[in-house]
Amino acid sequence: MLLSFSTWPEIEAYLKRSRTVVVPIGSNEQHGPTGLLGTDWLCPEIIAREAEKNADILVAPTFNIGMAQHHLGFPGTISLRPSTFVAAITDWIRSLSVHGFEKILFLNGHGGNIASIEAAFSEIYAESSFARRDAGFALKLVNWWDLEGVGDLAREQFPEGHGSHATPSEIAVTQWAFPELKKTADFSPPIAPNGPIREARDFRARFPDGRIGSNPALATPEKGGALVELAARSLVKELDGFSSERKPQA
Amino acid sequence: MLLSFSTWPEIEAYLKRSRTVVVPIGSNEQHGPTGLLGTDWLCPEIIAREAEKNADILVAPTFNIGMAQHHLGFPGTISLRPSTFVAAITDWIRSLSVHGFEKILFLNGHGGNIASIEAAFSEIYAESSFARRDAGFALKLVNWWDLEGVGDLAREQFPEGHGSHATPSEIAVTQWAFPELKKTADFSPPIAPNGPIREARDFRARFPDGRIGSNPALATPEKGGALVELAARSLVKELDGFSSERKPQA
Amino acid sequence: MLLSFSTWPEIEAYLKRSRTVVVPIGSNEQHGPTGLLGTDWLCPEIIAREAEKNADILVAPTFNIGMAQHHLGFPGTISLRPSTFVAAITDWIRSLSVHGFEKILFLNGHGGNIASIEAAFSEIYAESSFARRDAGFALKLVNWWDLEGVGDLAREQFPEGHGSHATPSEIAVTQWAFPELKKTADFSPPIAPNGPIREARDFRARFPDGRIGSNPALATPEKGGALVELAARSLVKELDGFSSERKPQA
Amino acid sequence: MLLSFSTWPEIEAYLKRSRTVVVPIGSNEQHGPTGLLGTDWLCPEIIAREAEKNADILVAPTFNIGMAQHHLGFPGTISLRPSTFVAAITDWIRSLSVHGFEKILFLNGHGGNIASIEAAFSEIYAESSFARRDAGFALKLVNWWDLEGVGDLAREQFPEGHGSHATPSEIAVTQWAFPELKKTADFSPPIAPNGPIREARDFRARFPDGRIGSNPALATPEKGGALVELAARSLVKELDGFSSERKPQA
Amino acid sequence: MLLSFSTWPEIEAYLKRSRTVVVPIGSNEQHGPTGLLGTDWLCPEIIAREAEKNADILVAPTFNIGMAQHHLGFPGTISLRPSTFVAAITDWIRSLSVHGFEKILFLNGHGGNIASIEAAFSEIYAESSFARRDAGFALKLVNWWDLEGVGDLAREQFPEGHGSHATPSEIAVTQWAFPELKKTADFSPPIAPNGPIREARDFRARFPDGRIGSNPALATPEKGGALVELAARSLVKELDGFSSERKPQA
Amino acid sequence: MLLSFSTWPEIEAYLKRSRTVVVPIGSNEQHGPTGLLGTDWLCPEIIAREAEKNADILVAPTFNIGMAQHHLGFPGTISLRPSTFVAAITDWIRSLSVHGFEKILFLNGHGGNIASIEAAFSEIYAESSFARRDAGFALKLVNWWDLEGVGDLAREQFPEGHGSHATPSEIAVTQWAFPELKKTADFSPPIAPNGPIREARDFRARFPDGRIGSNPALATPEKGGALVELAARSLVKELDGFSSERKPQA
């Protein structure tokens, strides 16, 4: 089920058979000369929706703006500060918990989000820890490229030039979903440089076209399709495993 | 243009011809027995994307979670606290301003958002006011039902039973966009009660199925289509007017 | 009773017969060439104290600084940021609730406060909504010019030139209360311009003497007295209605 | 001049001859069986307004709610959390600084405010310190009972039973200003106990009628008048000294 | 016991015999030409550890960064904003309270910390006061120079030139603990000036070498040893008294 | 140099030859039956001070309380919430930047800190990114076990039973520094279980004696000494490399 495309009685019914929900979370940020600004929120949304076609899972609306301060030197990037991002994530969790969701999996599409999402988890867990009570929910962060088998497939598809931003694998996923939006460019150099990530101006000076270590020209819709299919299957398994986890007994 | 489906060089090019952007903003919250949880963010997204088909406007990604604390008694609702919502809106504005956007119009789909959006505008304007400098951008909040002619059309379409939550007009808009998701229910009473809006438990006691003053059974995809068509045209006009506004001279 | 001019045992006794309190709330901001900076907090205070003379109501101390960032271009204006304003309002509510007040009515004197006051209400209601419990109190915002009959009287008194800031009706109320402070000026133009409200510098460029759409020269102490008398009576009715409201049964 | 009872052009004119303003600041909190809840904001307001009658000083509106969490066990007390109080004080300072005020003196009426006011000063000074720039304003906190000679007079008037909360000196000041509100009670014991100040329930257990170490029955309007007269004169001197302070040269 | 040098089972055992803990708290800030930057956190740490040698007390890790914004004009100073400092102190208290500590004494080494520490106490007490419940812990702030007898000894040792920052008494304490770090300088003038404390640039202009009213050349390790010995004994007494305090009965 | 044991003129002199500083950062939290509560802040402090003996580096005071909410079920743990931790880290950075430090390396001793430290870096970088200016400093996070060669040595020393909390390597480091504090226990099972990390009660139920996947009985002071010696050398190299990094040219 897609939560936003359901009614509240339908969610009430779902909660009788499952307490698990997956939240696609990403970012809206530059992805090099050819990547869509929405790449990082589109990828987990695409994968989660693909998974939903074949399994009784619940997909929350997509959390589409993340922590992308370093990309602000490129037009179109929209970023939350980490403190805002943490506050928003905790409000999403609080809301889902009110309804009785006990397993909340964030399917992430942006490396720059990881630290803040984990900080958000700790922020909301800390409320229970300081109050000496159970949280009532378990949280899990999974990057789509870390879903079972997906990293291996990407390395096989792109033995070199994968890099870490505007990667051919994420570009491929969006090409598969939106083939009409496939774009090309002359990448120079073909494989972008690597380096540390700091504030936006430093970033743009190091990575003039926005890519980090990647060659997006290697992406094809077909490769994207293979990644999505595998990721969708692995996501269902991940959710199954998470759903069947039991609370530890003291 | 749809910002998330564009590349950064495309946005850079857009900025040479326009400094205006529209942000669809809504909420994910219960909409009665038949309304989609996503109704309030879908409506402005649908209208903005329809407008974009016929005009050179830029549509930002949709801000899909708003201030819906009063709906938390119904499964599926996700809400930000006003303080979080304000922080997030100001980060969106800050990001867009970094790129040179000077006219930022929020096309809103949720009445419960209005106060917090206006508070957010004041929060970020206050930074400039305390610093004795120009803000560098102008902000505008427009509810889609307040776009020129739209309210009149809705009143004509639904002379009674329109109400203020889970209204037939918003339901109709989503029916037009997603006819396959049209749902039915026996509404009892046909027209829901009215009353004040307070915390979630009070809300659910007053409005047992979630509707306020409305009869969603009156909605049809056709009426929705008429609303969308008119709203899209009026949005383009609204953006034109906003874009051509000049800064006052002291 | 005036809360600040009472002792705690007197408030304790009052709470045995009523759980309702009215909080005058306004702003300290420029009101054009002749209006007092305190106009917006004085008006609700004047009206509430007038009402108190003839009814067993409890009037809290006046919340005298509000959200007036747009007026900061004019000397004497003092403003809270919306985030500060929200935090302060919630602390007032929390304090009153501790003592057992269950109906808290904010009698507002400043249009620019409305969004932030409503955001504050949602902020504190959200605590209960996230915790799945009753709030224990009901909140109401009433602008003094929206008290029963008051708007009609003002429109009758000032068929034109009323405007929306430094209005002849609010000036008249302060003239009635403080006739010795009545000031005059040559207004040019007699009726001030209208326009959008943004940051302070933009505001001063649009509204050079601070007025918006108004002609304060129309104010007289007599008209003010009529407004106060009516508003005071309507406030008592409003409080009676609010006090007798019953909690909805789920 | 009283700021709230002036117009913006009058403040503009004042700023040409002085950059100094005094802000009465207090609290609304229980003051024992006979003390007014407003005692702590009334005292500095009374003194500042008395001073203003004979000197060209500017008196800001009164900051009437302070840090009184420990008094919340007694009906009528309204308190800000320290964090809210700090935020509000810095917004007042920011606002006054925008207009060019360079010397801002807070005339305080509540011991419990001192720490938070000083923390607020450090909070706003820190902005300049981190930015390696001048603040542009100097801040001063003066408790009215520390004005030159006032403490000595109070000790002379009340050699015993003065105590530290609901003191006969502060009660006397309000009796002088509002003789019609003078109240009496059988104080038992005549002099209240002393002890540490912690949370509200602890406070009420230690100080059952709200007083700390004081015997308010010793207060008379005449003693209050003497205190006000002296305090008003000392305030003018204090403001003169503060106004003539020069910035140190590095 | 030194908490950081113990294991959790050892703390568990300690809690069976005592619910009291002392937290050394200070600052890392310039202390004139010869004083160590760590002086203000070293002094309470030295004293608490000395006390611990002869008594069954528990010494928490040292809170080593405080509120020192005014010293930021001198290299090496590290400061928290008051708001950050308050948040951190409340988290320490919350953590200690989780384990069952009921008496938490902060042994302070920096005058500039006092206001913020007290504000922090009020901030966390306010949570209980607003919730109408007991805090479950009592907090106490004691400056090491206010421990019984210590101030008298310092005045006797340094009848003049003690001053209030980079004082010979605090310098002496660090000299006693770290004689190898004793430094000398030509102080000119021998006794530093006094004056108000504001933002960092103002501070450095008033106090060019960082001292306030003091002559650190008077410090000797021997005098420091006498101060530490006395302070350590008085601290044990202070903790004994605090531990044996009983909750008041309502 | 040790910053806290230096004077401000000494730091001023240091800044003429280097703009680099290392901040040991850790946590005060349970480390199993035999590990010191201070283990995680002691390890980086020990290593940094060892490094300082042979190189001209500057070691800041130790940031000794981190993000340890999950350990709050064990007595003695003190934790900041992530939001507090982020605020404090940014204040440290702001302070060091005021003095001209341009390379700030945090030498971390606690895995649970990583997310929040990175979030803090993004939080402060975002200020520059939103303001379209250079940050003026570069930040680096290095866990001591990730210093060149250290992980390999630990794996060699402890081929099994290393685990991830209360590891024999960190215990060994503290044993080397404080051999008199070496403790023993019967670990049952010898190697602790693994599992996810959530709120404190869940944690204690999963990991009854506090260890995760480790066998601390394998630690010896000698192994600790080897780790410290290597880590200290690698830290100096790391600082050298960081110091010589040049800003990228746009």
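By letter and in written order, the chains are A, B, C, D, E and F; residue numbering begins at 1 in each of them.
Quick note on the criterion: contacts are C-beta pairs under 8 Å (C-beta built on N, C-alpha and C of every residue); 3 or more make two chains touch, one makes a residue touch a chain.
Being a predicted model, the structure only gives us computed values, none of them experimental.
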| item | value |
| --- | --- |
| Those chains which touch chain E and also touch chain B | A, C, D, F |
| Interface copy of C-D among D-E, D-F or E-F, judged by whether over half of the contact pairs recur | E-F |
| Most distant chain from chain B by Cα centroid | E |
| Chain B-chain F separation of Cα centroids, rounded to whole Å | 47 |
| For chain A paired with chain B, centre-to-centre distance based on mean C-alpha positions, whole Å | 25 |
| Touching two or more other chains - residues of chain D | 72, 79, 81, 83, 95, 98, 129-130, 132, 200 |
| Category of the chain touch graph - line, ring, star, complete, other | other |
| Residue numbers on chain E that touch chain D, as the complex places them | 67, 69-70, 72-73, 79, 81-83, 86, 112, 114-116, 118-120, 122-123, 125-126, 128-130, 132-135, 138-140, 195-196, 198-202, 204-206, 208, 247-250 |
| Touching residues (chain side chain B, partner chain D) in the complex | 129-130, 132 |
| Residue numbers on chain D that touch chain B, as the complex places them | 94-95, 98 |
| Parts of chain A lying in touch with chain B, wherever the complex brings them together | 3-12, 15, 28, 30-38, 41-42, 60-65, 72, 74-81, 83-84, 87-88, 91-92, 95-96, 98-100, 178, 181, 183, 200, 210 |
